[in-house]
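Below, chain A partners chain B and then partners chain C, in two separate complexes.
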Partner chain A sequence: MTEPLKPPPKKNPQRRTRAPTRPSHFRSRAALGLAAAAGEGRFMLQVCDRCTAIQYPPRDACSACLSIDLSWKDAKPTGTLIAETTVQTSTNTYFRERSPWRVGTVVMDIGPSVIAHIHGDITVGEHVRLVNRLDRSGQAVFFAMPVHGTDNPEDDLQMREMTCDPKFRRVLITDGRNPNSVAIAEAFVKAGASIIFVGESEAWRPYPNQSALRGVDNVEILPLDVTDTNSVQVLSGEISGKTDILVNNARFIRPGGLFDRRDVVFAQQEIEVNYLGLMRLAQSFGPVMRERAADGTNSAVSWVNILSAYAWTNEPDFGPFSASNAAALSISQALRADLADSGIRVMNVYVGPTEDEWHQPLPPPKVTPGSLARAVVTGLRDGLEEQFVGDIAEDLIKRWRDNPKVLEREMIANRGRA
Partner chain B sequence: MSKIDNDPGAVLGAFAAAIGSGDVKVVDLTHTLDPDFPVIVLPPEFGQCARFRMEEISAYDHRGPAWKWRNFTCGEHTGTHFDAPAHWISGRDLPNNSVDEISPSRFFGPIQVIDCSEGAAEDEDFELTPALIEAWEDEHGEILPSSWVLMRTDWSKRNGAAYLNMLEDGPHSPGPTPEAVQFLVDKRNIRGFGTETVGPDAGQGAHYSPPYPAHYYLHGAGRLGLQCLTNLDRLPPRGAFLIAPPLKIKNGTGSPLRVLALVAQVAAPHYAE
Partner chain C sequence: MTARRKGYEGVVVVAPTTAPYQRFSIKTAHWWIARALGDCLASARIGPRDIDGFSVASFTLFPDTAVGLTQHLGLSVRWLDHVPLGGACGVVALRRAARAVQCGDSTIVACVAGDTNHVDSFRRMLSSFSRFAQDASYPYGAGGPNACFALLTDYYMRTYGARREDFGKICVTQRDNALKNPNAVMKHPLTMDDYLAGRPISDPITLFDCVMPVAGAEAFLVMREEDAIAQNLPHAHILGTIERHNAFSEDVIQTRGGWAMEIDELYAMAACTSQDIDVVNTYDDYPVIVMMQMEDLGFCAKGEAPSFVRDSDFTICGDFPHNTSGGQLSAGQAGAGGGFLGLTEAIRQVTGTAGPTQVDGAKMALVSGFGMINYDRGLCSGAAILSGGDT
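The block that comes next holds the complex of A and B.
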């Protein structure tokens, strides 16, 4: 069993905060396919289109037949740990700071042998399940997990390096007014977060979940309006040094296509909240969180954006709203790049229509606050970068990957039926 | 015959001297433009009034080494603001109905303050009625033509959610009845009407006939409005003088502005009516 993680002591103010270091560095373009899969929590390997050989590590050509027609396919992730070693020291600063560190060789049931980081609960000869995870460099690594149930597997220190587990971490949910804020706060309580800061804009205007939010354990309500640069800067000044996970759920949405209005008033609000709001948060909180990415058990670890799946392709009945999310998706990539050196993960959680007043006339399926909240926590535990929640978002990204132009035509054809 | 009758320049000279000596006190009736100051809230499917916002352009730094400045944005009806007749559908076809077209002389005028603060403290839906106006006139004299009538409620002393006082059935704050506005416009020919609340109408003003009677009757008759005023408790019932020029916005329906009242501290017999 894994020694349960202990609540971190209060920080010693005389000790320098440890600067983040990186476990690995740039890899080949072929290997980045593995990182893309890890970002979605998928275990994928290259499969040769010509001879069907499954290969690892990723290469530009098939190691069996030299074909360059290789596809990434979901693969059965089980195998047997045949050897293990404990690295006592390393020339790499990251591992030196975290040694001893266990690695091992796993022979997969489907053929390839892989070098993997290994969980503390497994021993040589044991059947294991491999997971594909992003390390703090954002590179994909395999991690061998026990297949049998163990206690607190997520508390394994090597495992925790590969995830963004909320346990004992402090969370900021940026928009208490969003109908999903209570469900998200409750999910973090359940996941063991120690403090849940919730931003509240315009306290002079009541909102439906105002009292429910105040009833959630460990919630602290603080003033925050993502459309007000000063408000973001003030809150950042107060709590960015103890924000380990930032969940930006601020959203402004009004239904309607481009021709439904003759003004840009709602579109401006959508840009102010959905795009510039994210940018303001990033400029204030990002640089501080980046410095705390290796700060012990409750280090800064993740930045979560809840975006519309229509960031990928415009839904014309929500045309300007979709456009604001496309802008947010783009700036989230800039944020990911600026946080990459620190190891802080940017996770975008994409949803289709959500269960709220602005999608009220639409038929199901719609994403409920509860399922969104579960996805946020699960994604953090799996250290994901991209998550598509609900049938509509999942289907949309599948079709986008198949052919974005075809999808654009489909969005026109399906108008009014969404 | 006084000196002032012979020398027109002496009027302003005496005025300047009175301001300088403090014999005429300047009272600021304006709230600070603050990003968190409430604005009127409409059903969310309608467009909303923009909040006051500022973005720094530079602050003696790499963005502009020797200077500090900001861009600000807001609505025509954000913060302490002026309503022009063009603001309401009843005033849309009137001539000179926008802030840039209104004769500047109309931005000044004598102030009559009707103190409703006791009533508003007891009843958040307190109504200013013709009977109350007449009772005020019995005590202070008839409202002067072309004057600004300001409804004092001490509502400006409320903070946070208590200011809009938004409940499930809408906001609750004091305001005039339709008959009171008609009385002020038709019988007393006032220049404008000002309040401490977020608008000239009561919070529940949508339920009068016509809805929002202060907006409807004032602007329909080409009169002006002032909202989100403060410090009305520092004004005498009559005798103060208002200065309220809005920004000269092309076709503007209103404007945030600095509203000042001049209050004479000493009697000046030779200025008497």
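The block that comes next holds the complex of A and C.
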């Protein structure tokens, strides 16, 4: 039975903030395949293309038939915990500060024995479900979970280290004017976030969800214009020291392909908001959040970017907009690298056409604010790095992974089909 | 059945040497190896130019290997070996060197194993010990070998009913033995109460289940029997050896080592049984591995080591003299030197030169090695049976 997490006490500014440390992040190239899977919440193992033997730890050749052709495949993640130990003393500072720390040996139903972190609610002999999670080093680890329902499993302290759970954390949603801001704020309230800061640009200019936003519990509206460096710096000076999760939903979008526009005015706006806006936020909030990554129950934990799936491949009918998102995707990787030392997770949530005025003529399926908001919270709870929300985004990434060049041609062929 | 192996007739082991251990050292592995080699050659009354074979085991020589040491130490050899097999390096170095001498590829092989221990050496080694450890065990609590062996110990206790006191008895009696060994790092007696009150390390492993990493080195020479006799050197014969790596990979967790695959071969080659052995030196990085060796080397059946431990006296004067130098648990683990510790002590025992730790009338000794927790289990195992000069 997991002890429910208690709300963190008010921070004493005279006490030193605990510096972030991390578990070992060194991995072989083969093992990085596991991290790629964990970033999307998938449990995968290498399987031999020739003899189908399942491999673990990750390797370069099949240990059954010596084939050098191994592929990552989704695998049945169940097994039995056959041995456990509680590490009381560790050579690694991260674990020293968090000991005692339980690990165990799980014999998987599909064969391999794996060493895994183990949830507080399971004991030796029990059937368990393994999940593949990113730890604070950003690398993948296995975590053994109870298969039977337990109370507050997410509050297990070891589990919480593998997730970015919003419970008791403070969130900044950067753009109140975005039609999705109310749904996202409500989802965080439901997930137990303690304060939801919402940025609002040009407050004097009314917008449809203005009053609804003010009606959401624990919401605090603050001035923020991501196109204005000064505005970003001022807000950062005020709240970056208590921003645990930053959700950048700021977006400027206008339909139209390259030839539909006669100038670069909209494109400049798209770059200002979608690319430079993210960069301004990163330069102001990133360094402060990084210092607070081990600051107790409400430590800084995640940076969420809501991006267009067309960051991956250009949608010609939204050509310049897609390009600004490609730039944002690229700089998000730089942000991820700069936050890696601290353990702060950068999660990109990719959406296809969203249910709003700028996509009005497009046929369904479109992503609703509600499903986007649910995906953001679920992704944080699972500690994800990449999420594709909605049928169109999922379809797009499948095609991209299959063959990006083929997809580029499909995007041309599908043009104007709406 | 594989082809019948040749014996080691005409080949002997001499000059067991220990460079006295230190907890921490500012010296390098090169220094420790040089020191042990120098003492070893001096005790055999030969010089560095008289050896034409050289075998080295060490974790902390980086960026050098055995070949770099030849120039560093001024050796010119025609047979060279580097044995990165941790706790199995002693037995493996011995059997390779014995064949080299027997076949004439080398006349005298000096085998040396040792490491230094700087204040931060151990921690630095853990994260990069092996690729599988780096990828699949070190990220889990970074407990190092303590945590890996804790899992094996936990499983063994649940499966075979071993109690903490059983492991404690191994540690306590080895401390008794160590008190007679002037080179042992541990100088104070250890009681069962001390053992049981040991600081928790990685449950169920506590402080006295763990070896203490130290700086030190061990060495011996392998040469022709006629040369040993001519030099009037006390010498041991090699009656049988075995070696096996990555045995029983299908076992879900380690409860046995490669010895269990090769044990019949070992005793057949040595033409003896476990009953004929006077001294047993197992590899004792953790007491659970000692129990597995008791079983796999034929001193008791699988799962019966706990009761065998309860019913036996492992002290130098006991009915089953075991790890008579105190083993690594009490003498210290000098890195790869730990893989030689049982072997140098076994050579001393069967040649009657063990001094304060000498077992009366010891004629035959069995020494076993175990090493390299590559991921979740030790991969290397080896064993050798030695006998005294007049056998």
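Rule of thumb we're sticking to: the second predicted complex is superposed on the first by the 417 of 418 C-alpha atoms of A that agree within 3 Å, B and C clash if a C-alpha of one lies under 4 Å from a C-alpha of the other, contacts with A are read in each partner's own complex, and residues count from 1 in each chain.
In this section, a contact is a pair of C-beta atoms (placed from the backbone, for glycine too) under 8 Å apart; a residue touches a chain by one contact, two chains touch by 3 or more.
Keep in mind that what you see is a predicted model, and the values were worked out from it rather than measured.
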After aligning the two structures on chain A, examine chain B and chain C and state clash or fit. fit
For A:Asn12 in the superposed arrangement: first (chain B), second (chain C), both or neither? neither
Partner chain(s) touched by A:Arg27 [first = chain B, second = chain C, both, neither]: second
Touching A:Gln139 in the superposition: chain B (first), chain C (second), both, neither? second
Tell me which touches more residues of chain A here: chain C or chain B. C
Partner chain in contact with A:Arg205 - chain B first, chain C second, else both or neither: first
Taking the superposed arrangement, what is the smallest distance in Å from a C-alpha atom of chain B to one of chain C? 37
After superposition on chain A, the chain A residues reached by both chain B and chain C are none
Write out the stretch or stretches of chain A touching chain B in their complex. 202-206, 223, 225, 227-231, 254, 263, 265-266, 269, 357
Mind listing the chain B positions that touch chain A in their complex? 35-36, 38, 41, 44-45, 47-48, 51, 53-56, 160-161, 163-164, 166
Touching residues (chain side chain A, partner chain C) in the complex: 23-24, 26-28, 30-31, 56-58, 63, 82-92, 94-95, 99, 101-105, 107, 113-117, 124, 135, 137, 139, 141
Can you check the complex and tell me which residues of chain C touch chain A? 122-123, 126-128, 131-132, 134-144, 146-148, 150-152, 154-155, 158, 199-205, 249, 252-253, 375-376
